[in-house]
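There are two complexes below, and they share chain A, which is joined by chain B in the first and by chain C in the second.
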Partner chain A sequence: MTGMEGLRDFWQRYRRNKGAIVGLAVLVLVLATALLGPTLFPGNPWDMAGAPFQKPFDPEFPLGTDTLGRDILMGIVHGARVSLLIGFVATFAAVSLGVILGSVAGYYGGLVDDLLMRFTEFFQTIPSFVFAIVLVAIFTPSIASIVAAIAIVSWPPVARLVRGEFLTLRTREFVQASVVLGRSSRHIIFVEILPNAVSPIIVAGSLMVATAILIESSLSFLGLGDPNMMSWGFMIGSARTVLRTAWWMSFFPGLAILLTVLALNLVGEGLNDALNPRLTREGR
Partner chain B sequence: MPTKRFLTPLALSAMLLLLPGAPADAQQPQRGGTLSSIISPEPPTLMIGISQTTPTAIVAGKIYESLLRYSTDLKPMPGLAKSWEISADGRTYTFRLHENVKWHDGQPFTAEDVVFTATKYLIEVHPRSRPIMQRAESVTAPDRNTVVFQLKEPFAPFIMAWEPSTAPIVPKHIYDGTNYRNNPANQTPIGTGPFKLQEWVRGSHIHLVRNDEYWQPGKPYLDAIYYRVLPDAGARVVAMETGQTHLSAFADIETFEVPRLKALPHLELTTKGYEYLAQMVWLDFNLRNPPMNDRRFRQAVYYAMDRDFIRDRIWFGLGKIATGPIHSSIPHYDANVPKYPLDLKKSEQLLDEMGLKRGADGVRVRVTLDALPYGDIYKRLAEYTKQALARVGIEVTIRTSDVAGWGDRVRNWDYEMTHQVLSQLGHPALGVSRLYITSNIRKGVLFSNVNGYTNPRIDELFGKAAVAVEPAEIQAMYSEIQRILVEDVPVAWLLELEFPTFINKQFRNVITSGIGVRDNFADVHMVRQ
Partner chain C sequence: MQRLQFIAQRVVKGIVVLLGIIILNFLLIRMAPGDPASVMAGEAGAADEVFMSQLRKEFGLDRPLHEQLAVYVKNVVTLDLGYSYRQQRPVADLLLERVPATLLLTGTAFLLSLVVGVLLGILAASRVGQWSDSLVTVIALFFYATPIFWVGLMGILLFSVTLGWLPSFGMYTVGGKLTGAAFALDVLHHLILPAITLALFHMAVYARMTRASMLEMRDQDFVRTAHAKGLREGRIVRIHVLRNAILPVITMAGVKAGYLIGGSIVVETVFAWPGIGRLAFETVMQRDYNLLLGVFILTSFMVIAVNLITDIIYSFVDPRIELGQ
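Coming up: the complex of A and B.
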C-alpha cells in the first residue's frame, strides 16, 4: 500500500462521518480566520474604536462594541489566533510529555512503570482546572504561564493512554524481533512501537486542543488571562458583568468558542473512525 | 482671650435644616422599620479601631461613634461632643461631651473613655490616627464631660480627625490593660452608637438592632438594620431592583448599571456622602526607574491621557476630572494650576526631547503597568491606559495580580507604573501630604510615599502649612504646593471619584453628612406608604 493510497483510504473512511466533514469545514474556517484575519482586518483589537455599548448589526460594527467601545468582530478575529495558538501549543507540550513518560513506563514496566504511574496519578488526583488556576495565579497570568499550566494539567491521560498501547504492543512479534536483532531501546520505542500507537494519540490530541481552548477561556473568564492578549475567554470575562444589559459582548465570543470546540470534537471523532475502522464500524 | 467657636443648639438645628438631603416634607419621622443594605465585600471585623476598611467602617459606624461628624461641606458637626472650642493660638482643643451617654453594656460613657482612646488605644492600633494623636502634649479630663487636648504645636486639621473610622471612641472599662487586638470584646462590639450588634452570620448577613438606651431621645427611628453580604455584582443589582435591599453605596453597583437603576421609580440616586473620604484615582510612576524619573516623560504621559474618556466611558460620568493633588471637595483646593489637556503632539514632542525616538516598530519605550486589583473598572482603566500611551509610542505591558500580590509589589517599590486610589480624609494634612513628603518614604508601607518623590520645598511647605494658624497664610502655602506638584507630575491625577448611592424611597434622611453611609443612621426613618 503506497502512501497515496493510504491517504485516499483514510479520507474514504473519514468522510463517511458527516459530522466530521462539517467539523472539518468549520475548523478550516477558524484556522483561516486565525491565519488571514489580522491581514483582512488590520488594526488593533484593543483600540477603542467607537462608542461603548453599541448594539450589533450596525454597518460600522457588525457585532457591536464592548464596554470600552472596542469592536467585537475585531476581537473575535484577532482572538482566534490567540485561542488556537494556546490550544495547539499547550496540546503539543502535553502530548510530548505524555508520550515520553507513557512510552518509557509502558516499555520498561516494573519499577520504572510503578514510579512513573504513581507520579502520573499524583497529578491526576488534583482537579485539573483548580490546579491550572493555582499555577497561573502563582506564576502571574501571561501567555507562557497559561500554556504551561494547561500542558501540566493535561498530560496525565496521554501518558496513561500511551502506556496502555505500549503494554500491548511490546509483546508483539515485530518488537520481539527488534529486540533479538539487538536494536537499542530508544530505537524500539520511537521507531518500532510509537508509529503503531499514533492513531489513538492523534485522536486524543485533537480532543485535547478543544479542552485547552476551553481551559484558556475559563481562566480568562476568571480574570486569569494574559491581560495583553485579546482572547475569546477574555472577551466573555470582561463582558460577564454586563450580561443583562449587553448580551452581544459575551454571546459572539461564546459562539466562536462553541463552534471551534464543537468542530474539534467532530474532527476528533472523524479521525477516530478513520484511524480505527474496526473499532467504530463494527457496532453500527 | 481665646476666641470661642461655640455652636449653640439653636445654631446647630439651623445648620441641620440647611443640610442638603434633608426632606422638604415636615412629616414627623415615625419609629419602626427595618433597613436592608448591601455590604460588599464582607467586613473582616467590626472592630473599627483595628480595621479601617470601608465595609468595616460602614457597619461599625452604626455601633461606634466619635466626637464629631462632618457636613457635606466638611464643617464639623456634633457627635459625642456637643460643642468644642479652639484657643486662639491653635494649641488647645476643648470638647464638651453629651451627658447621659451609655455604652451598649450599660456602663456610663465619660471623658475618661476619650482620654484612654486618644492616649493609649488609637496610638497603639490605628496607623492613620497615631500621628494625629501623637501631636497632643497632654489629654486631660477636667470633669466627666470635658476633654482638653493640649497640642505640642498648632495643627489646624486636628478638628477634622474625629469621625468614626478615623477616631472611634472605645470603652476604657473593656479595653484598658488588655491586648487591644486580641480582646474577645472585638467579636461583640460595645459602642455608644444608635445600633447594637445582634447577630453576624458569616457569608450571609449582619443584623444590627436598635439601641433603646441611645443618648439622643427618640432615636434611632429604625428597629433594625440588616447588612446583606452579596459578593456578586449581578446579584446586587437585582437586589436593589426587586427591593430586597434598600441601600447600596461605593462600588456596589457597577457604573454602567447606574443609568438603568436611576430610572426606576422606587430608587433615589445621590452622589453625596463621600466628601470626607474624597477619593481620587491616579497613575503612579515609580520615580526611581528611568524613564519615569524624567519629568518630561511624566508630563508626556499626562498629556496623552484623555481624562474625558476616562470619566465618560469608564466611569460613565460619575466623577470629576482631577486638576492636581488635592480633591476639590476638601479644604485648600486650588484650581489655579498648570493644565494638562489631551495633547498628543506636545506629548510626542516631550518624548522626542528626551531622546526616546520611535523604533522600527513605532515603540519608543516599554513599561509595565500593574493593574489595580479592585475590580473590572480598574482593569478597564489599565486597558485604556495601555491604548492611550501606545498612541505616543509608549508600549505598556499590563500585569495583573491579586490584592495581596499588588500590595506587596507596590509597597516594596517593585513596580514601574500602577494606578492607585486613595482617600484624602477631610484635609490635605491628613490625606495628601503623606504621599509626597520625603519623611514618608517608607519601604514596606502601603499608602505612604511609595513612588519616592522628594522635593525639599514641598517638605517645607507641607510642614509649615500643617502648623500655621493664619488662614490666608495656610492657603498661600497649599496653593504653592499644588502649583509645584502639578508642574512636577510626581503622579498623574486622573479622576475625583463619585460613587452612586441608591436609596429606596421608603427611607429618608439616609445621607445627611459628608461621611455618608459610614455615618450612624440615627436619623434614618421609614415612610409608610
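Coming up: the complex of A and C.
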C-alpha cells in the first residue's frame, strides 16, 4: 500500500464515524482560535476593558466582563492557547516517557521488565490528581511545573500499553529475523517494532490530551495555574464566589473546556476506528 | 488458607507502596526550592531565624540524609505527621477529623456512579442502535468531557439558585441544632448535589465500559451455547453475560478510586464540604506544605486500602483468579 492510498483508506474509515467528523471540526476551530486568536483580539486579557459585571450578549462584550472588568471573550480566546499548549506538550512528554519505559520493559523482559512494571504500578497507585497538586504547589506554579506534573502522573498507562504491544510483537518472525541478522537492540526497538505499535499509541495519546486539559483546568481552578497566563480554569475559579450574581463568568469558560475536551475525545474515537479496524465491528 | 496467603501478599505489597510514597514525600521536601525547614514551616516561620534553627534541629536537618530519612519514616509510621504551623495543630489531628466527611462523600459517589453507570450500560447494550442507546452514549460522552468543578457550579446555579431545591454550601445547616434522624436527613439533603457532581464523571466511565463489555460477551461461544440450549433471554443476560461483563468494571472501579479522591478535592472546594479535599485546597492557598504532604500520605493510604479491598472482593467474585500467584 502506498502512502497516498493508505491515507485515503484511513480517511475513508475515519469519515464513517460522524461524531469524529464533528469533533475534528470543533478541534480545528479551537486550534485556529489558539493560533490566530491573539492576532484577532490583540491586547492583554488581564487588562480592564470595561465596567465590571457587564452582562453578556452586549455588542461591545458578547460574553460580558468579569469582576475586574476584563473581557471574558478575550480571556477565552487567549486561554485556548494555554490549554492546548499544556495539553499537547504534557501528553508528548508523557507518551515519550511511557514509550521508552514500556518498550525497554517489553523488549528485554525478565528482571528489567519486572522492575519497570513495579515502578509503573507504584505510580499508578498514587492518587494522580493529589500528586499533581503536591508537585505544582511545591515547585511553584508555572507552565513548566504544570506540564511536568501532568506528564509525571499520566505516563503509566502508555508504558503498560507499549509493553503489551512489544511483548507480542517481539515474538513475530520479522523481529526474529532482525535478531538473527545481528541488528542492534536500538534498531530493533525503534525501527522494527515501534512503527508497528504506533496506532494504539496515537489513539491513547489523543485521549490523553483531553485528560491533560481537564487536569490543567482543575489545577488552575484551585489557584495553581501559571500566574502570568490567562486560562479557562483560572477564570472559573476566580468567578466562583460571584456565581449567584454573575453566572456568565463561569459558564462560558466552562463551555470552552467542555467543547475542546469533547472534540478531542471524539477525534480519539474516530482515530481508534480508523487505525484499529479489526477492533471495530458493526453495531458498536 | 490459600486466600489468607493471597490477602497477606497483597497487604505486604500495599505496605511496600506506602513506604515508597513516604520516601517520595521525603524527597519532595528536599527537592523543593529553598530551605526544607521553611517548606516544613510554611511561610509562617520564614521570617524568624531562631524558630527556623529550632526546626532544623527538630527535623535533624544537620544530620546525614539517610539518618533524616530514617527519622522521617519512623515519625510517619507512628502517625506523627508533623505540625501545621499555620493552623497551630498537629497535622494528624487536622486530617483525622476530616476523614468521615470525605468518606461519606466519596463512598456515596462511588456507589452511585457504579450502580447507575452499570444500569445505564446494561440498558444501552440491550438496546444497541435504538434511541435509548444513543441517549446513554451521548450523556456519557458529555459527562466524560465536562470538568467536574463546572458540573458542580452549574448544578448550584440550577438546583440551588434558580430552583431553590438543594443547599449549595457545607454539610449541615449552620446553627440548625438538629439531632438524630432530622440531622441525618439534613446531611443527606446537603450530600445530594456534591455526591452527584462527583459521581457523574465516573458514571460515564462505567456506563461506557459496561456497554462495551456486555457487547463483547454477547458474541462469546458460551453465550451462543446458552442460546442453543434454549435458555430464556433474560436468564442469559443476567447469568451468562452480565456476570462476566461486570468483572472488568469492578477492576476499573478499584483502579479509579484514586481519581475519586482527587475529584473530591475539587468538589469539596466548590461545595465547601468540610473534608480532606477542602483541607487540601486551604493548604494550597496558605502554602502549608507540611499539611499538604499529610493529605498526600493519607489519600495514598486510602487508595491502597481500596485497592486491597477490591482485590479481596475480586478473589471471591471471580473463582478463576489464581490465589497462589
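Note that the second predicted complex is superposed on the first by the 281 of 284 C-alpha atoms of A that agree within 3 Å, B and C clash if a C-alpha of one lies under 4 Å from a C-alpha of the other, contacts with A are read in each partner's own complex, and residues count from 1 in each chain.
In this section, a contact is a pair of C-beta atoms (placed from the backbone, for glycine too) under 8 Å apart; a residue touches a chain by one contact, two chains touch by 3 or more.
For clarity, every value in this text was computed on a predicted model and none was experimentally measured.
A.B. asks: Would you sort A:I257 into first (chain B), second (chain C), both or neither based on which partner it touches?
C.D. replies: It touches chain C, and chain B stays clear.
A.B. asks: Considering only the touch criterion stated at the top, classify A:W46 as touching first (chain B), second (chain C), both, or neither.
C.D. replies: first
A.B. asks: Among the partners chain B and chain C, which is in contact with a greater number of residues of chain A?
C.D. replies: More residues of chain A are touched by C.
A.B. asks: Check the residue A:A210 against both partner chains and state whether it touches chain B (first), chain C (second), both, or neither.
C.D. replies: Second partner only, chain C.
A.B. asks: Using the touch definition from the top, say if A:A144 reaches chain B (first), chain C (second), both or neither.
C.D. replies: A:A144 sits against neither chain B nor chain C.
A.B. asks: Is A:A32 in contact with chain B, with chain C, with both, or with neither (first, second, both, neither)?
C.D. replies: neither
A.B. asks: After the superposition on A, what does A:L68 contact: first (chain B), second (chain C), both or neither?
C.D. replies: The answer is first: A:L68 touches chain B but not chain C.
A.B. asks: Using the touch definition from the top, say if A:G223 reaches chain B (first), chain C (second), both or neither.
C.D. replies: both
A.B. asks: Tell me which partner A:I133 touches in the superposition: chain B (first), chain C (second), both or neither.
C.D. replies: second
A.B. asks: Contacts for A:L243 in the overlay, against chain B (first) and chain C (second): which applies, first, second, both or neither?
C.D. replies: In the superposition, A:L243 contacts both chain B and chain C.
A.B. asks: Give me the intersection of chain A's contacts with chain B and its contacts with chain C, in residue numbers.
C.D. replies: 137, 140, 223-224, 243-244
A.B. asks: Mind listing the chain A positions that touch chain C in their complex?
C.D. replies: It comes out as residues 19, 121-122, 124-131, 133-135, 137-140, 210, 214, 217-218, 221-224, 233, 236-237, 240, 243-244, 247, 250-251, 254, 257-258, 261-262, 265-266, 283-284.
A.B. asks: How about chain B: which of its residues touch chain A in the complex?
C.D. replies: For chain B paired with chain A, touching residues are 233-234, 237, 254, 256-257, 260, 309, 313-314, 371, 376, 379-380, 382-384, 386-387, 390, 397-402, 405.
A.B. asks: Mind pulling up the chain C residues that touch chain A in the complex?
C.D. replies: That would be residues 17, 20-21, 24, 28-29, 31-33, 39, 128-129, 141-142, 144-150, 153-154, 156-157, 161, 212, 215, 255, 258-259, 261-263, 265-266, 269-270, 280-281, 283-285, 287, 289, 292-293, 295-296, 299-300, 302-304, 307 of chain C.
A.B. asks: Which part of chain A faces chain B closely enough to touch in the complex?
C.D. replies: My answer: residues 44, 46-48, 51-53, 67-69, 137, 140-141, 223-224, 227-228, 238, 241-245.
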